[in-house]
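Letters A, B, C and D mark the chains in the order given here, with residues in each chain numbered from 1 onward.
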Amino acid sequence: MSDIGTEVEIGGLRLRVPVIGAAGCVAFGRELVRLGVQDDLGAIVTPSLTARTRAAAHRAVLREAPSGLLAPTVRPSYGVERLRPTALPWDHEGVPPVIVSLAGNTSGDFAEVASGLRRGSLMRRVAGVEIQLASVDAKNSHRPFAYDEFGATKVVARVRESVPSGVPIFAKLCADVTDLVEVARGCVKAGASALVVTSPVRGLLLDPATLRPVIDPASSGLSGPALLPITLRAVWDLRAAVRSGRLPPIPLVAVGGIRSGQDAAAALAAGASAVQLGTALLHDPDAAAAVVAGLVEAVRERGFDHVLDLIGIAHDH
Amino acid sequence: MSDIGTEVEIGGLRLRVPVIGAAGCVAFGRELVRLGVQDDLGAIVTPSLTARTRAAAHRAVLREAPSGLLAPTVRPSYGVERLRPTALPWDHEGVPPVIVSLAGNTSGDFAEVASGLRRGSLMRRVAGVEIQLASVDAKNSHRPFAYDEFGATKVVARVRESVPSGVPIFAKLCADVTDLVEVARGCVKAGASALVVTSPVRGLLLDPATLRPVIDPASSGLSGPALLPITLRAVWDLRAAVRSGRLPPIPLVAVGGIRSGQDAAAALAAGASAVQLGTALLHDPDAAAAVVAGLVEAVRERGFDHVLDLIGIAHDH
Amino acid sequence: MGAFRHHTLVAPDIADRARPGQMVSVAIGGPASALVSRRTLPIAAASPSGTYGGTVDVIVDPGLDAGMAWLGDLRAHDEVAMIGPVGRAYPLPTSGVDVLVVGVGASAAPVGWLAAHLRDRGCRVDLTLAGPDDRHLVGVIEARRIAGSVTVLTGADPELGADLAARVRTQLRTSEIAVVYAAGRARHLAPVVEVARPFGVVVQCCVDEDMPCGTGLCGSCEIPVRADDGMRHTIRGCTEGAVLRGDRVDWAALAEELG
Amino acid sequence: MGAFRHHTLVAPDIADRARPGQMVSVAIGGPASALVSRRTLPIAAASPSGTYGGTVDVIVDPGLDAGMAWLGDLRAHDEVAMIGPVGRAYPLPTSGVDVLVVGVGASAAPVGWLAAHLRDRGCRVDLTLAGPDDRHLVGVIEARRIAGSVTVLTGADPELGADLAARVRTQLRTSEIAVVYAAGRARHLAPVVEVARPFGVVVQCCVDEDMPCGTGLCGSCEIPVRADDGMRHTIRGCTEGAVLRGDRVDWAALAEELG
């Protein structure tokens, strides 16, 4: 693409470009291929899979918020029991490396989805596993696993047991917690290969006509550009914790509100090794190419020759 | 103004309309009078006062974020030691009831500011006191008091001791904590008359040219419309906690991203007794009139005759 | 044209391929917009060639929301980012049969164009345009040039759907209608499908509900359907619809999900 | 006019009262905009009466940021929400003295108008317009109609401020300048004030830095100044400036705060 290096490696997974399609915002990749934009992504994350197919309890309705989208975090999902080694939903010519997202309401659920992926030769088509820790814990008042070091740790540990050691595990955290570093530390100790921040942050909108919630308040989250400062702050905090020794070294992936090369450059400078694009792709399926180009430009402008040179530089004085 | 009642009472403070100018976004009221918009606000909150005048360590620079503003939470401030009973900064003809905001870095600081207000006959010009619990606690790794039940409780208790019992105390919380209800409960027990959510949420932006933080990452917060879903969720959670008995009954004030009558109606329906406007007034100093008019319209449309009828209705099934 | 705005957009690639029932997905707002969702609109007409190359027409109801208001405000020479044609077109009969075409509000955008195609295939077209009032109807005058008969029906929700269905029942009773083509919101389509069921007449429905991406990526436009084997599952309204056989859609479930 | 856009805005109330050095505060974007801050712009001219009533002129640099780009894109008949006149005007001499007027980039908007006022009071006006290049200069041709002499200075930051200061020093040395009027960013004004100091000549500076509200509410435009008693404190650039005596401003502190 240019004289600027763009390859990064996260927990053993090599990405041609440090830009990933976020869970739930790129389906299983077929549409990206149809739109001809698959090559601008280093990997994609699938919509979160569950142990058993979860039918639409509610339509996964999206509502517009200022510079954001409010979406239910509990959505209809594909059950791992339906996966056929010969006909994976992401088995389409041209789809980039696939990170499979897992969801559940107990650590056992997660283990079951992870084990399901080992069945047959499924794992061969899985480049990594992402754990949706925004899923709510049935055994902890339906609060997200990511709100609780203990809950998050248990889930990561169970998934780690069930997934071959060569497959990297991405623990996807929530930025809207009091002590993100504490939760992160638990995940790292339990075997996470990388940390992803942020899941949608808790949010609520009411229908202007009825003044009732449009989406169940217990599980509706805000995505989109509105999150950018929150995402950058979360990445900054985790990187700062690594630098100060409060957190063992671990690669970070920024997600939430990133839509331009400039945003991506900021995320890398704050400490991320890669970014994910969610609503940016819903708004503009060509966004990934622009993000990669802008990132390359940001590297070049500073006289660097590889995107790796940007990582963490915001912390240097 | 109309046949619809708009008066509300919060901790003994009567507001002609349930719309308040937020701390730091209406200065001390003089400009509102000059702009001729003072009558659209039931009260105003002053910029946070400190024990001693805090000069601009940094210019209180504002940066635009998507649908929001990033601002330093540590700003130049007026020291209570400079207050003269004969020449209060908010002593201007026509200024609505004044709630004085207090900031500090130890519970002693807050007590000192509160005591300072008692000097002379100052309190006679103070309709209420708001505690900026987003201030960082020097004795707790510079984390905001509002992140910690113990820290928040101590500050509220110290201020309660120093303020006459007739003066309501508004505890201003941060929505971006793991367990908002826990912190809220501490504040109520310590004597808060009302809870205000939310302070700006932690956020970070980098300068696109230098890729360095534009504002100290430890104390920069996001305000503006981007917060609306977060504010509504926080109010919802607190109201739900009151309904379920997890939190003693206490009036709530919504702040963060509110800019229209529709937003205000949603905040009341979620459980707030009043709203504060911050960036909405920076964007449009006439916003308060529109918010009141829209709120009145929302009451009328539903066949109600008082804004009180909206409070909490989103929780009814 | 009353409350709606009619835009002609230059888009040769889309115009060359578009058929009635297909849509365009449009990015809303400029770079500094607070609106994130796209809007997916039924195409009202496509002209493969024109002064500027091919064009597609869309009809916008600016009163609907801030995004539609923005679209409504577009002026000549403004540029919009557009993807299309999106989705499945109305299947057309191979022979000239009698058909009934109904459309509600701005969702009726494709019916005039569809009626012209049907007429060109030798169909006798009976057209009904419905809406809350005269200002919220698409092109009645144009419709009269195309269709054998044009009926206008106005009224408020929730009665509008039932009134429309009653009108369809009368037509099915009194004429030899082979297929019904409908375009509208789910709440207006469901009663029409219901009344057509006993007659064994298929209703091809263009289900015009929110489609935040219009590209199949977000999964927020899913419509519950029953397959031939009776199993319920969901399909994406944007890429696999918006035109669906009415008898395949689980309207009750859809209504519940739409809230 | 090169990189800048020149807008004439109908605002009778503002036009009737505005004087050179004062500003208008403009709300940015429509109801669906992601931009929250206002933009506070120096007024380039005010015509108390005109075909549509009074108008004020502003000059926009659309390359500056998304908000300015939006302002730059405004077209005839678009409406903007505007407050003004904001702030303190340039104080004018009561007698005809020799004055030097300097302006940099789009911040130089008021200098032509100011020069006309000064000329009308019998002043001999020497005008210098500076900017990074020819495309980023305001109205040189208009300026020649007003000022006795017009100098153009182009160059990149950070040298531009120093070059401008050098030019001012030469002028102060060779002419009987009673006062300097300057308009620009703090980084361009500070060196000018510095060179004028030994001459005992006051520089009246219109300090054009970010003013997110322009109404005195937010406190984000504060400028550190020294009062007569030497005490340092801050004033609000929007309502108490933007025109300030250069010798009162603590330029070093301001530069640090602007980062």
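Heads up, the rule we're going with is that contacts are C-beta pairs under 8 Å (C-beta built on N, C-alpha and C of every residue); 3 or more make two chains touch, one makes a residue touch a chain.
Quick caveat, the model's predicted, so the values are computed rather than measured.
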{"item": "If a chain touches chain C and chain D alike, it appears here", "value": "A, B"}
{"item": "Starting at chain A, fewest touch steps before arriving at chain D", "value": "1"}
{"item": "Centre-to-centre distance between chain B and chain A (centres being mean Cα positions), rounded to whole Å", "value": "34"}
{"item": "Whole-Å separation of chain centres (CA-atom averages), chain B against chain C", "value": "47"}
{"item": "Rounded Å distance, chain A centre to chain C centre (Cα mean)", "value": "36"}
{"item": "Contacts with 2+ other chains: residues of chain A", "value": "66-68, 224-225"}
{"item": "Shared-contact residues (touching 2 or more other chains) in chain D", "value": "34-35, 66-67"}
{"item": "Category of the chain touch graph - line, ring, star, complete, other", "value": "complete"}
{"item": "Chain A - residues contacting chain C, complex", "value": "24-27, 30-32, 34-35, 47, 55-56, 58-62, 64, 66-69, 71, 75-76, 207, 214, 224-225, 279, 281-285"}
{"item": "Residues of chain C touching chain A in the complex", "value": "27, 34-38, 65-67, 81, 83, 210, 212-213, 215-220, 222, 224, 232, 234, 239, 253-254, 257-259"}
{"item": "Residue ranges of chain C in contact with chain B within the complex", "value": "34"}
{"item": "Chain B residues touching chain A - in the complex, by the definition given at the top", "value": "65-68, 70, 147-148, 175-179, 201-206, 208, 211-213, 217, 220, 222, 224-226, 228-230, 232-233, 236-237, 240, 257, 262, 265-266, 269-270, 298, 302, 310, 313-314"}
{"item": "Residues of chain C that touch chain D when the two form their complex", "value": "28-35, 66-67, 69-70"}
